[in-house]
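Below, chain A partners chain B and then partners chain C, in two separate complexes.
Moving on to the complex of A and B:
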């Protein structure tokens, strides 16, 4: 099951039992059974017949505007519904929010540690104090008895993480301050774009489980978004989004003058930049590894769905929920 | 309401039955399940599927109730599923024999297997039904790893 990205402008429609896409080069046919989700990164027209076709196949569509901002998803009607589980998920929010939120933050710290340890080993000894801080995160979390405190720890982890970029990224990609909407420099643009891609990937993963997208634990369910997707994507941010960024930037595959919009102060990826980023992102999320407890090969993309399963199990069996740790990779 | 699938899953795997009963029916990308569905669709054209009170009978002839399966890999489960159909029909005063038709032979040589509801199997069936009700209303049974688990749609869910 694949993810399709549509970069060019054009028209998309149902043609017999296939998806047909037309751009300036002509028609292109995509067999529907191989598609799990489609990303639209440009202006494409379609009709409701196409949407109906897509919905029946359970395909999720994600829309990004020309500037690379996420505009929304088309989400077919739920095919996996369990009233029982929804009730239990809501009850878990009441009873177990802190416990779940703590574990999500623990995993963020752990996975960032793994990503940065690579640079530490390669002579970036300045990272040492931050790595030591990350090791102590579980202790700080145990002391945090309110969600605000947990969120504060989470905020500090990310802030210090961004601050550490100066030790191992080229100077034009150093982050002074994380600015989100709109991003104000190349690295902020990369982080925003990468996080939105991961967020939408997680929406698709959750769609294929019985979980309710709006009942979240670390993030507040009042966010009027699919906030569970924000929760479940956290564990994967360091591994998928940031590893992709560091790799592309350090290997100079992405360069400020070549791959960002000059007229927008380099604060947005240009089309070529987006293509390079998405190709690397896809490669990473599809990378397969031997899963420790399952004893079979799974991709990171599947691992996101498996985190959904873990959450379901934790909710129905009253057991611990521990999101994806890079340790699960054997 | 209990259906034939409950009985089948009860014999096959109690965890699977619990999850199914609690509506946690995970998506299945496996080829086998798809083939099974297609076979049912194909055979539906040939026969009239009869469904009532939670049972869905593939075919009813003068003497037989027929259940179509892709393979004979878990015949025991298919057998009890069919016995349940025979039992439900018997309550309505319809007495028939059962026949399982398999498309693919794995464990034995016959393509058609006859199943008969007698006093002994009826007694056991009632016990099974009772037990099913009990399991559904308690905690999820802890999955135990068996060879058959590797092919199950719930494999990842169970052993994560």
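Moving on to the complex of A and C:
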């Protein structure tokens, strides 16, 4: 199942029970049975007939604005709904929020450790204190008895991680401070764009499970977002988003002067930069590995959905929920 | 190749007798429309792309209903995945991840 990215302006519509997209080059046909989600990164016009058709096929549409900022999704009518699970999910939020949140943060620390360890092994010995800090995270988490404390630990993990960039990234990509909405320099732009891509991928994955998108555990569910998606994407950020960024930046596939908008102080990827990033991102998220317990090849994309299933299992059977560990790969 | 693989990538090519028979012209567009739902158009009468085994069966069923078995001919080459063959292309075709 494929993902399509629409970069050119045009018109999209239903034609002969399939999708037809018209741009300056002419008609393009997208096979409806073989597409799971479409990303709109430019102005495209369509009508409700098209939306109805898309909804019936269960395809999710994601929209991004001119600055590459995620503006929303067209989310077809829920076809997998379970009142039973929704009730249990809400109860789990009341009773087991701390436990779930702690495990999510634990997994973030662990996956970041694996990412940094790669550089440590390749002669970046300065990373040692960061690795030691990450090893101690479970201890800090045991001490944290309130959700605010857990969120604080999460925040400091990310800060330490961003701080460590200076040892293995080229100097024009060093991160002084994480700035969002809008990002203010190339690396912030890459992180924001990558995170929002992963966030939308997770929304699509959760759409194909019975989970309720709004009841989350680490992030507070009061926000007007699909916050469960933020929770589940957290474990995958280091291994999908950041590995893609490091790879592209260190191999000089993305360069500040070539692939960012000069006008905006290099704080925005230009079209070519976006294409390079998305190609690498897609490659990584579709990469397959041998899953230990399933004993078959699984892509990271599927691993996100499997995390959803894991969560359902934990909620219904009252068992432990442990998000995706990069260790499961081997 | 052995039969018990899961085939996830196909090449489909059709020859519809559109000059030999009166109704052939209709069948060409019908076959084209069905293929378009599942695969991406590669060359005039060639489609290709990723497909799941169950969807491949659906596609075959749909095609069987439309074609004239005496005159038309459709061949489907099944492959395990995208990386199980090497492709050399001459000339230019757009990357189909982006539109």
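For this structure, a couple of remarks:
Quick note on the criterion: the second predicted complex is superposed on the first by the 330 of 330 C-alpha atoms of A that agree within 3 Å, B and C clash if a C-alpha of one lies under 4 Å from a C-alpha of the other, contacts with A are read in each partner's own complex, and residues count from 1 in each chain.
Following the convention adopted for this analysis, a contact is a pair of C-beta atoms (placed from the backbone, for glycine too) under 8 Å apart; a residue touches a chain by one contact, two chains touch by 3 or more.
Keep in mind that what you see is a predicted model, and the values were worked out from it rather than measured.
Within the superposed three-chain model, A:7 lies in touch with chain C and out of touch with chain B [touch as defined at top]. Looking at the shared chain after the overlay, A:309 reaches chain B, while chain C stays out of its contact range. Of the two partner chains placed by superposition, A:152 touches none, neither chain B nor chain C. Of the two partner chains, chain B is the only one touched by A:208; chain C is not. Shared-chain residue A:278: touches chain C; no touch with chain B. By the touch criterion stated above, A:80 is placed in contact with chain B alone, chain C being left untouched.
When the two complexes are overlaid on their common chain A, residue A:317 makes contact with chain B while staying clear of chain C.
Once the two complexes are laid over each other on the shared chain, residue contacts for A:16 go to chain C alone; chain B is not touched. When the two structures are aligned on the shared chain, A:29 is found in touch with chain C, with no touch to chain B.
Residues 1 of chain A lie in contact with chain B in one complex and with chain C in the other.
Chain B makes touch with chain A in their complex at residues 22-27, 29, 139-140, 155-157, 159-160. Residues of chain A touching chain C in their complex: 1-8, 10, 16-18, 21, 23, 25, 28-34, 275, 278-279, 282. For chain A in complex with chain B, the residues that touch the partner chain are 1, 79-85, 208-210, 293-294, 298, 306, 309-310, 312-313, 316-317. Those residues of chain C lying in contact with chain A across their complex are 33, 36-41, 49-52, 55, 58, 94, 97-99.
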